[in-house]
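These notes open a run of structures that come right after.
Paired with subunit B in one complex and with subunit C in the other, subunit A is shared by the two complexes that follow.
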Partner chain A sequence: MADLTINNVNKFYDKTQVLFDVNLSIKDGEFIVLVGPSGCGKSTLLRMIAGLEDINSGEISLGNKVINQLAPRDRDVSMVFQNYALYPHLSVAKNIGFSLRMRKVEKSIIDKKVADAAEMLGLTHLLSRLPRNLSGGERQRVAMGRAIVRDPEVFLFDEPLSNLDAKLRVMMRNQIKEIHYEVKTTTVYVTHDQIEAMTMADKIVVLNGGIVEQVGSPDELYDNPSNTFVASFIGSPSMNQIHGKIVSEKGKKYFQSKDNSLFLLPENANISEGQEIIYGFRPEHVDINQAASDDAINLTVKVDQPTGSQSLVFANVGDQEICLDVPKSHLLKPGNEFKMSPQLDNIHIFDSETGKRI
Partner chain B sequence: MNRNQGSLLTSIYTIIALGITMIFFFPLWWSFSNSLRIPKETFTVTGVGIPFINFTPTLGNWTHQLSFPEAHIALYNSSFIAVVSTALAIIVGLPAAYALARFRFRFPPNKDITIWFISQRVLPPAAAVVPFFVLWNMLGIYDTKFGMIIVQTTFIMPFVVVIVRQTFLDLPIELEEAAMVDGATHIGAFLKVAVPLSVPAIAAASLIMFTFAWNDYFFVSVLMMKNFTLPIYIAGGVDSRGVQFWFIAVRTMIAVILPLILCLLAQRYIVRGLTLGAVKG
Partner chain C sequence: MIRWDKRIKLLFLLPAVIWVLALTIAPLFFSLYLSFTDVKREVVITGVEEIPILDKDGNPKTRSDGSIRTKKVKQKELQIKYDWVGFKKYKRVVNDQEYQDAAKFTFIYVIISVFVEIVLGLFLAFLFNRRIYGRGFMRSLMILPIFATPFAIGFMFFTILFEVSGPLAWMGIPFLSNHNWAPFSVMLVDIWQWTPFCFLVFLAALQGIPDDLIEAATLDTKSAYKIWTSVILPLLQPIIVLVILLRVAESAKLYDYIASLTKGGPGTATQSVSFLVFNKAFKMNDFGYASAGSFLMLIVVMIFVMLFFTRLRKTYE
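== the complex of A and B ==
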């Protein structure tokens, strides 16, 4: 068992740089999720940890050992690929036992470990089948079995659930977490799905354009996004972000949007009058109608999307559309007016130039 | 289209296909039929030459031909040279095909190397045979099976390189990556994953290569003397007394048997969908 450290890692494809000075330290047993839009370099980083991509500069070390130059097989990591990459000519049992056979483990031990892994994943009745005779979810489980049978230092998952349907994805999410609780192996998990990241991670790494935007627990990222990118990427629906500036009235500080709507700001906010900012609040952190404060603004419902007990209400502040996640109500139908005020404790203010949190 | 029309069309296609097959199959049939006739009847029998109906069959030609050592020498030499050349071409060609599919060479670039392999096939054998003759004499491997195997391997290897390279390109690279993460060396991933999954292509290429080496007349006629092979042996059926159709027929049949058996055996391996279930799809 060991910590995984990534130190100033850069990656170029020909002349294009895809990773910029990535620094990460992953503690033993942690479940880390690398998340970001497609092309942000998250899979590349994972493949560099696996040894499938060269490292142009910087160091990746496992424990005290730098593993930059080690072949994939010498790194003691195991990987689950997005498309599973099962060996089609081998049975499920042989697929799971492949890595042990490669390491010349004794046959009786292989059989036992394969049986254990299959038991854990509910694959026991499928052991003699070929991958072509399995369903998508079963193939996914075999791929997992192949990774866990070896008891490696680090698990690497490359978008393992993106090929499954929605229901199966939720199930597998649980199963992966369960396995992690059980084996407590350091895990690096790549996904573009922020919900997967939020639900599974101990720590999330948000990558964008090859740069680490923020590292933190799901709560930290949700409550204190360090910039507008993280703010809009984490959380669904995204955080509302309105452009405007600070004004003072009657001794209180307000945020004034482009259409001159005024939003009250917390008193302790570290901002000065006239400053251009981005005013952010999450759809769920608003009060409406009777619950709204005295400083509430009036809005007109454009579209409502019921989601069960809640409803997503879309309205315009000037020409900027905002989304509100509020209890369902017959008053919130298209064309109706309503009062809304963001909750003061949950307002996020970002610099309009840099996008950084103030 | 309803079902009746469909089955009618199928029958028509089947009849057309059968007709075409008959046309191409006829010379082979005629050879077989000739091999069972007494010499006189190879000239006189009319019709399609069905034994017992058009003539009384005899195994005389067969027993006569097989009683001479030439038939055995030719059969042995042909088999040995073709089998060993094919095996050698696979052993040398598979890694080449894999390298071309999976690695990027700067100079010369992959495309040029591939074309160079194909150019060995495009090259007229006549242009190569004289240098071979001189070189083989110098090296003392003229008229040896070893020398012939080298020549045949040179000329058939492009098949395996070009055919299997494409198969390797079509294999999901993740399979080999998974094997490497799982503890295989790159060579291990090649041998344990890429090669087993390319067996259909390798079988097809082997069959083609075997047939080329088996059928070669030109190089054998120039580079061998006492060590002849089946094509030379068949051609030897023409002598000062004219064309001995009855013997040529027997020799042709001998030359057909082994490729036929191999073809039937290889058929089992030339199956589609071996990689089914490997990746999501």
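== the complex of A and C ==
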């Protein structure tokens, strides 16, 4: 059991830099999710931990051992690939036992470990099948079985659920979490889906353009995004971000959007008059009509998207579209006018130039 | 939408059907028939005809009594007779030392050349299955032999291996005149021409193996040998079987190289079944023997092909 530490890691493909000074420390047994848009370098980082990509500079260490130069086989990591990478000529049992056979483990031990893993994943009745005769979810479980059976220091998952349909994805999310509770192995999980990240992670690492934007628990990222990128990437639908500046009126500070609508600001906000900012609030953190404060602004519903108990309401503040997640009981339909004020406790203020949280 | 009348469809198929029937099926059955017969060409006198005797100017000569002088000419006709002899020809073929030798040579030739082609092709594909400078150019260069005419290649190697003044004469090896060396020279030609084919097919198959399979294997072993034996070769197996099938069926028909390189010699050391059969038919006019010999060969090759096809089908299903 050991911690995984990533120190000032850089990666170049030819002359293009894809990772910039990445630093991460992952505690033993933690479930870390690397999340970010396509091409942000999250898979590259994972593959560098696995040893499938060279490390141009920096260090990756497992426990006290630097593993930069170790062959993938000697790193004691196992990986679940996006397309499962099951050996098509081998049965499920042989696929799961492959790594043990390569390590010349005794056959009776292999059989036992394979049987245990299969039982944990509910694959016992499929052991003699070939991968091509399995469904997507079953293949996914076999790929996990292959990783589990090795009992490695670190599990690496490379977008393992992206080829499954939505329902199966939710199921597999649970199963992966359950297995993590059971085996408590350090896990690094790559995904572009922020919901997957939020629901599974102990700690989320948000990557963008090869830079770590923020590291934190799902709650930290949701409540205190450190910049506009994280703010818009985490949470669905994403946070409303309105550009404008600070004005003073009747002795109070307000946020004034480009169309001169005035929004309340939290009193302790560390901002000065005239400052250009981005005013952020999540769709679910708003008060509507009667509940709205005196300084509420008037809006007209453009589109509504019912989601069951709630309804997503879209309206324009100037030329900027905002989204509000409100109870269906408000009966907001296109064309309706309504009052809205963001909840003061949940307002996020970002510098309009750097995008950093103020 | 046009509704195609069924009969019109058949009409369009007809040319192709006639083509196959006339040029493949009919000759096949005809030669099967020939293999049970003794073909004899006989000159038969069908009658006598009297024709006028002509003088220098082309006018009929006349006797003194004025009648036209004639001569009697026998009318001959070449008749081909097919005498049904049952399995007699087959018995002769099977017991014929010459046929046995040809079959033995063909068998050894097929086994060795196909084996070497497969192994060499795999090895080259392995070398080329990575980014190397000028790979495209080298690959194009390497597959050129496939496009050459086998008969011409036979002549080319005849020049290369010529023992008196050829470029390899300094080695002092009797490439074509020694009954032990000559078979290897013929195999060399086959290997030279067909290894690129195996190489090309294997390279395509190698490039079709998903990278993540290999990566998954590198997480479990450092040995490239183990990755080859436990992942890559099993994945290539259907392709390897297919290539063996194609190469065996093709090289068992060995004729061109022999005809231009050794003419079956020295002695009968490099006489293949096809070469022997061709000579029996078109030089010695023994069509029955030739057909029987061909059919025995066909049966052997077909059994082999069927065995491999069942194997192939099993791996695909």
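By our rule, the second predicted complex is superposed on the first by the 355 of 358 C-alpha atoms of A that agree within 3 Å, B and C clash if a C-alpha of one lies under 4 Å from a C-alpha of the other, contacts with A are read in each partner's own complex, and residues count from 1 in each chain.
Going forward, contacts are C-beta pairs under 8 Å (C-beta built on N, C-alpha and C of every residue); 3 or more make two chains touch, one makes a residue touch a chain.
Quick caveat, the model's predicted, so the values are computed rather than measured.
Enquirer: Following the overlay on subunit A, give me a clash-or-fit verdict for subunit B and subunit C.
Expert: With subunit A as the common anchor, subunit B and subunit C collide in the superposed model.
Enquirer: Touch test for A:N163: subunit B only (first), subunit C only (second), both, or neither?
Expert: First partner only, subunit B.
Enquirer: See if subunit A has more residues touched by subunit B or by subunit C, and give me that chain.
Expert: B
Enquirer: Using the superposition on chain A described above, determine whether A:H89 touches subunit B (first), subunit C (second), both, or neither.
Expert: Both: A:H89 reaches subunit B and subunit C.
Enquirer: With the two complexes superposed on chain A, say which partner A:A50 touches: subunit B (first), subunit C (second), both, or neither.
Expert: The answer is both, since A:A50 touches subunit B and subunit C.
Enquirer: After lining up the shared chain so the two structures overlap, which partner does A:N133 touch, if you call subunit B first and subunit C second: first, second, both or neither?
Expert: first
Enquirer: Look at A:N298 in the shared chain and tell me whether it touches subunit B only, subunit C only, both, or neither; answer first, second, both or neither.
Expert: neither
Enquirer: Which subunit A residues lie in the overlap of the subunit B contact set and the subunit C contact set?
Expert: 50-52, 71-73, 77-79, 81-83, 85, 87-89, 98-99, 102-103, 146
Enquirer: For the complex, give me every residue of subunit A touching subunit B.
Expert: 50-52, 71-73, 75, 77-79, 81-89, 98-99, 102-103, 130-134, 136, 139, 146, 150, 156, 163
Enquirer: Provide the residue numbers of subunit B that touch subunit A in the complex, in ascending order.
Expert: Result: residues 172, 174-175, 177-185, 188, 193, 196-197, 273-281 of subunit B touch subunit A.
Enquirer: Using the touch rule from the top, collect the residues of subunit C that touch subunit A in their complex.
Expert: Within the complex, subunit C touches subunit A at residues 210, 212-213, 215-222, 226, 230-231, 234-235, 237.
Enquirer: Spell out the residues on subunit A that touch subunit C in their complex, using ranges where they run on.
Expert: Its residues touching subunit C are 50-52, 71-74, 77-79, 81-83, 85, 87-90, 98-99, 101-103, 146.
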